[in-house]
Amino acid sequence: MKWLTSLMLLPLLGAVLVATLPKAKELLAKQLAFGTTLVVAVAGIAMATQFQRDNVDLQFAESHSWIPTFGINYAVGIDGIALVLILLSVLLAPIVVLAGWNEAVGGRWSVKGFYVLILILETMMIGVFAASDVFLFYVFFEAMLIPVYFLIGGYGTGARAAAAVKFLLYSLFGGLLMLASIIAIYVISGEQGGHTFDINALSQLRLSSTTENLLFLGFFIAFAIKAPLWPFHTWLPDAADSATPGTSVLLLGVLDKVGTFGMIRYCLTLFPHASKTFTPVIIVLAVISIIYGAFLAIGQKDFKRLIAFTSISHFGFITLGIFAMTSQGHSGATLYMFNHGFSTAALFLVAGWMASRRGSSKIADFGGLQRITPIMAWAFFFAGMSSLALPGLSSFVSEFLVLVGTYTRYPVAAVISAFGIVLAALYILLPIQRALHGPTTDGNESLTDLNLREKIAIAPVLAVILVLGFYPAPLLNVINPAAAHSIAKAGFSDPLSAIDSKGATK
Amino acid sequence: MTVFVAPSLSYSLLAPILIVLGGAVITVVFEAFLSKAIRPVAQLSVTLGTLVLALVQVWRIRHESSLTAAMGSVAIDGPAILLQATVLILAVLGVFLIADNEHFTVVAATLPGSEEERASIQSGEKLTEVYPLTLFAVAGMMLFPIATDLITLFVALEVLSLPLYLMAGLSRRRRLMSQEAALKYFLLGAFSSAFFLFGAAFLYGYSGSVSLAGIYDAISGGTGNNVFLMIGIVFLSVGLLFKVGAVPFHAWTPDVYQGAPTPITAFMAAATKVAAFGAILRIFYTSFSNAYWDWRPILTVIAIITMVFGSVVAISQRDIKRMLAYSSIAHAGFLLAGVIALNKAGLDASIFYLFAYGVATLGAFAVVTLVRDSAGEVTDLNRWAGLGKRSPFVATIFATLLLAFAGIPLTSGFIGKFSIFSAAYESGNKLIVVVGVLSSAIAAYFYVRVIVLMFFTDPADDGTSVIIPSILTRATIISTFAITIFLGVFPAPFLNFISSTATFIR
Amino acid sequence: MTSNSLVYLIALPLFGSAVLLLAGRRSDRWGHILATVLSGSAFVVGLVQFAQMLGRSNDQRAVTQKLFSWISVGTFKVDASLMLDQLSICFVLLITGVGTLIHIYSIAYMSHDLDRRRFFAYLNLFIAAMLLLVLGDSYLNLYVGWEGVGLASYLLIGFWNQKPAYATAAKKAFVANRVGDLGLSLAIMISFATMGTVSFAGVKEQAGHASTGALTAIGIMLLIAATGKSAQFPLQAWLGDAMAGPTPVSALIHAATMVTAGVYLITRSNFIFDAAPTAQLLVAIIGAITLLFGAIIGTAKDDIKKALAASTMSQIGYMVLGAGLGPAGYAFAIMHLLTHGFFKAGMFLGAGSVMHGMDDEVNMRRYGGLRKFMPITFATFGLGYLAIIGVPPFAGFYSKDKIIEVAFNAGGIKGITLGGAALLGAAITAFYMTRVVILTFAGSKRWDDKAHPHESPALMWLPMVLLAVGSVTSGIIFTHGNSLQNWLAPVVATSPAHEGELLKPAVVSILALVLVLAGVGLAIMKYLRKPVPSEAPTDVSIFTRIARRDLLQDDFNEAVFMRPGQKLTEVLVATDELLVDGAVRGVAHITQSTGRTLGMTQTGFVRSYAMWILLGAIGLLATIWVVTL
Amino acid sequence: MNAANYLYVSALLFSIGAIGVVVRRNAIVVFMCIELMLNASNLAFVTFARINGNLDGQVIAFFTMVVAACEVVVGLAIIVTIYRSRRSASVDDASLLKR
């Protein structure tokens, strides 16, 4: 059975159905969209059960000739890392739809338009992680900007147009740099026996070090913008600020992961030596992102921007883990992508509900919510705890793995980044204190607590965060082989512990 | 006395051009003898019939290839067939737009704002001279890319230009501008063709032959005065580059595009580029190919300047037609990259690009004809605000075409850009690729800006409205949209056809 | 030895908190009962384990239970597994025992609070986390409990977080603890990088092969962790504010159990500190500093809870000092920890009972002569008082004296300084504790007539009584035949504390007693003989003022960390806006203006266009000329 | 006499024409300058025909004249229309389209 293709077609089908609905049937559109995403989620889980975890080559692989003139195939196939990210996408989608049930209402455009875009986006999210043909990956990578662009600009708030443009141009710029690299690697593959875009074939190319470095940069900058890494991050706060909560969840939760995923899947695989060469620089950037993002998060006065900056800090951790080139770092980073998806989703959804009730996302406008809307307050608190990586919650495992994995090769970087732990406490607890604690401030007395739909939407997210905190094995078992494989392909191996290496030298 | 040997013309191969010319003559006769009442219909049907017939004939001779047609003054080969077909298809689509007499003054001779003018408009008569002019122009455009000697080239150049000069001046509204456009186009066109001719003279002087083959032999032989060759190449290029609107020979483009009646702009922007680039490709690929090292640098410089200039200046445009003009300048730069590539891939890419770009351009201008207020077309960008709300369908199509110009994946523009840049890279012109990629990043900005205006800005209530298009116009718009998407998603068959057919014969 | 029932120790209270939190208001009626019962049954499980342990030979006593493989990536393998040995059983019993008593006490104490159910949920959560802390068999498992108790303490300090000050106190505690946690996580990283393992057993085994440098680094990191959790210098500032929490919390978390986690950590890591003398010395020094620091602060506080908090700080200083003295001191550190658990918890509950009777008045200058009104509270508090100032035969006498003695015997200048500090601390302790007792129970009444002091209900005084018993007897039990020392021997290498000794035990005890009496006397002179103003006098020496301001700890933190931090944040926010984003916007702007400028070439004059063409042609000629030269 | 001189003359004529186009305002004159350039090309053609010893150049010259004639037809038409509507044949007046 062609799992991946069907997984991609399902949402597309849903999109078509929703599109054909009459404008007036808003509720039906919502239900249809929700149903579709739910089906996709189930299908995704079903696929995961078929995944052979110890098999390191791409699974569920399909390949059909697409543009033979350029040796381009529609080729998909996933390893553990991709699987985890696809799961993330398909699991978050229904939650986003359910949580943002009324997001599209009163937007500039029709309700159904919102869900059509969401469903198209889901297809592309799956595709971008599933692609095993560089060209196909690029097509998804660029094409998925468009629905997001319209989701931000069409349904967002505030300076949505500016934010949407900023997002699109930033990403396009990176994407075009990547295109240059892709063209180059395509031509080189032609010179070395047959044009191809097959990721495995391309990883065999012989490149001169200068070429490799330049091509690497082309890819990396695109991914660094997407991820986003300091100093390419400034589009994110604006986008998150003006997008609807649901869109932000998909944006920060899934889309940005394409950047970090690309670093693992493409930068390391295609350009191992260049990756080695640039590692120091990237490590520095990652550490800066961690600390810088944390400090800016502390300085924010608006929930949405605050969450955006915490994500920048977290993406710093992910990048750090990737380029630490240790199995702990890699597995940690991948797990981090998944966990960050969920904790950010929780934060953003709850913050979104708070904002929609209060009519403002300024932290200062809230106060004493714990007394008025205890459940909402609790949900936010829980999400916050997972964002500051409290042991027992999922993000702790990944964050700690990243730090340990980094320490074994780059102690200094790990130590500096560890200060992120303290800063995290500040950027989470400050808003909690201001908004949830203290006396109830004016305008908050009449806020209503979460309704059943919202509870149902948030419950699974929090559950996943908690369960994976104590029992991450299901994911780690899938990730570990893939992570180890990608490190091996990049030509690295875990550093021995001081004692063992002493023993080895003896 | 010698016996008379009839020249072997091989009519079947010339048939497409002959048909068009014949049609042109018929339309002229109609102009003279048919009653005003039935003229429009008759002219339109004859014109379309002619074009379709010619297209069929082109299809029938698609596998032919000969150098001897018309005593060797034209070459019938793959590129010739493809380019002629392209010109014809664009012409058909263009005529669909031209058929909307709304745009044309009734009697071009009447003074703007004069009594006669008003009377003529009241009379409800329609201007029909435009059809013969169109057909002659088409004939010239079909001859230009297949001509293989300097005489034919020059004649073709004039045959395609002269009607366009006139057509540019036929607008019903803003006639002063329209006439000014005609004047500028004419003076500069004549000026540049003088350069062309002068260059031709020196090429003849260099090689002692007027046929491209002869010039090729002379260059290969290396005999002859190189100064002549240089002067010849440069001046000939000036003439050709003027037609494609390459910087610094571009200055006419924005003014003429803006002043001319929009259907004419559409037709000329699309078809002239095809013809001119067809000629450029033939001349530089067959005749000058061995002088590569002489002309490559100047074309490279021109290409780079053109890409950057077009993209950068387009940003600050406030008039949609001018903006599209600058965008066409930028695209001329991209196409030059294909010329410089000087390899099979470059040829194929250029032909694909020409077709894709021509179609998209026609579509874009077709949409422009729809946006009007009481005083006719509205080309002021700011007044396009909120078009997406007024008529989402048209706006969506326009947005798609813009995205195609911007080269976003899943549109024809992306495939074109990719193929042309990879060809350029393959030939070692890395610089062009990098500059091209960067300038298309800049270009993206102004395309996106229009989308923002249409979708994310609220409409100002200033009487701007989107008229219900006539069937023909609708046909143009929808077919261009369909082709743009189709070529983006399934370019394979088309690319195969091109690469299997397109080879110059010398 | 493995056991299957260890997990219940944690599971029972954890289950309790889960039920209470999820059930919400529905469980208001029975929630507190359930919580108390579960905590009590955890205590029973502990007792059973203890009994079984007693039944086994000394080296067979440790039991483990592997639950599941928690994290396993490459060589980094951590199981979620528990270990109960002689050291942790002490804590288990202390936590569950004292914990249960405080549950019972809270039923009455919190009876008027609408959110009592939530309070008990947090209490159970704390018990579970604290048990995980002491039962975890690796540093990482410990870390989970370590932050878990931090979370519980945050929630409980901020239980009344509608008061902004309380919310701030809670945040302060959490952040200070996080600084400590940073140390702990770094310690874990280093130990994995050097020894390839993070389990206690593994590290203990590998510690021998590791370089002293690495071990010292680990030790210092662990010390930082301890200072955070146990409110040791320089991270002690949060403890005073932590008194914002309900008094039972102060008794359980900020006196008896959580704050002593640091001592547990250091003792547990004895194999590291014994191999890293520098780190060990630092531990001792920190302890000595803190015990004086706390004592001095204690003398200046009028808020009864803050005074007790200061004394807690100081007493933990003693424990850390003991732990820092190595094999000689570990046992006594733990012993003092346990006895302190009894008497300090008791005194806090007493304080709570007093507040209960004085409608939540905490200022001791508004008390006075309360012994008549709340005799039981007075009695229990009094016994605790005698225990803490170290009057024989009360518990504190044994544990504290031992530490002072070992300190002196540490040898050389080190011994004299540490011992001297400890001795001095004892004197000050005597002074400020006497002050507390006098201000509260003796002297004339200073409260206004609105207050109606009365004895607390049985549910409250019963736990106090039990703890009082503990604070009387525990010392004797632990020291009788060095029972505790021998008990802990397999875990912490203990050495008889009597070689190369500087002072005979007897001498130390007498010295200590004399100083204690001096302190008591001074307090009596100062507060019993003279009338006590019900407003704190303002015309006091600079020293008093500094002491009242916690020896300027907060001012220091603000000046050195907070304000620069805030400044830095502001600067970075501005930088992001102006420079980072500004650069991008700048590029966009430049492109735009360039476009406008180049657009100027479009003059509209056909002649200028022709000029362009002409120049272009000439330019091309020039280029090609140059190229072909 | 040297054939090159003819070329020099033609180049000279061409330059005069080109410069004329740039400097003169009257549309008619500008157009005449263009014609001058065309004729310069013609001269070059004929010269080269002479040099190369074949007739192609001269043939082209005739073609050029015809084409030039056509251009005159079209051009004058346009210029006249402009003149009628503007009452001026100055190319500088026709500058509505800019920027």
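A few points about this structure:
Letters A, B, C and D name the chains as they come in the text, with residue numbers starting at 1 for each one.
Note that a residue touches a chain if its C-beta (ideal position, glycine included) is under 8 Å from a C-beta of that chain, and two chains touch if they have at least 3 such contacts.
Note that the structure is predicted; figures quoted are calculated from it, not measured.
Chain nearest the geometric middle of the protein is A, using mean C-alpha positions. Across C-D and B-C, the chain pair carrying more C-beta contacts is B-C. The geometric centre of chain A is 65 Å away from that of chain D, both derived from CA atoms.
Centre to centre, using the average C-alpha position, chain C and chain D are separated by 97 Å. Centre-to-centre spacing of chain B and chain C amounts to 80 Å, using the average Cα coordinate of each chain. In whole angstrom, the spacing between the mean C-alpha positions of chain B and chain D is 25.
Looking at chain C, one finds that residues 599, 602, 604, 606, 610 touch two or more other chains.
Annotation for chain A: no residues touch 2 or more other chains.
Multi-chain contact residues of chain B, defined as those touching 2 or more other chains: 183-184, 187, 191, 195, 254-255, 445.
Chain pairs that touch, as defined above: A-B, A-C, B-C, B-D, C-D.
Of all the residues in chain A, the ones that touch chain C in their complex are 170, 230-231, 233-234, 292, 295-296, 298-300, 326-328, 331-332, 368, 370-371, 374, 385, 390-392, 397, 400-401, 403-405, 407-408, 411, 414-415, 418-419, 421-422, 425-426, 429-430, 433, 436-440, 470-473, 476, 480, 483-484, 494, 496-500, 502. Those residues of chain B whose C-beta lies close enough to touch chain D in the complex are 108-109, 111-112, 150-151, 154-155, 158, 162, 165-166, 169, 175-177, 179-184, 186-187, 190-191, 194-195, 197-198, 200-202, 204-205, 208-210, 254-255, 258-259. Of all residues in chain D, those touching chain B in their complex are 7, 10, 14, 17-18, 21, 27, 30-31, 34, 37-38, 40-42, 44-45, 47-49, 51-54, 56-57, 59-60, 63-64, 67, 70-71, 74-75, 77-79, 81-82, 84-86, 91, 94-98. By the touch criterion stated above, chain A contacts chain B in their complex at residues 65-70, 108, 138-140, 142-143, 145-146, 150, 153-154, 160-161, 164-165, 168-169, 172-173, 176-177, 179-180, 183-184, 186-187, 190. Within the complex formed with chain D, the chain C residues making contact are 599-600, 602-607, 610-611, 614.
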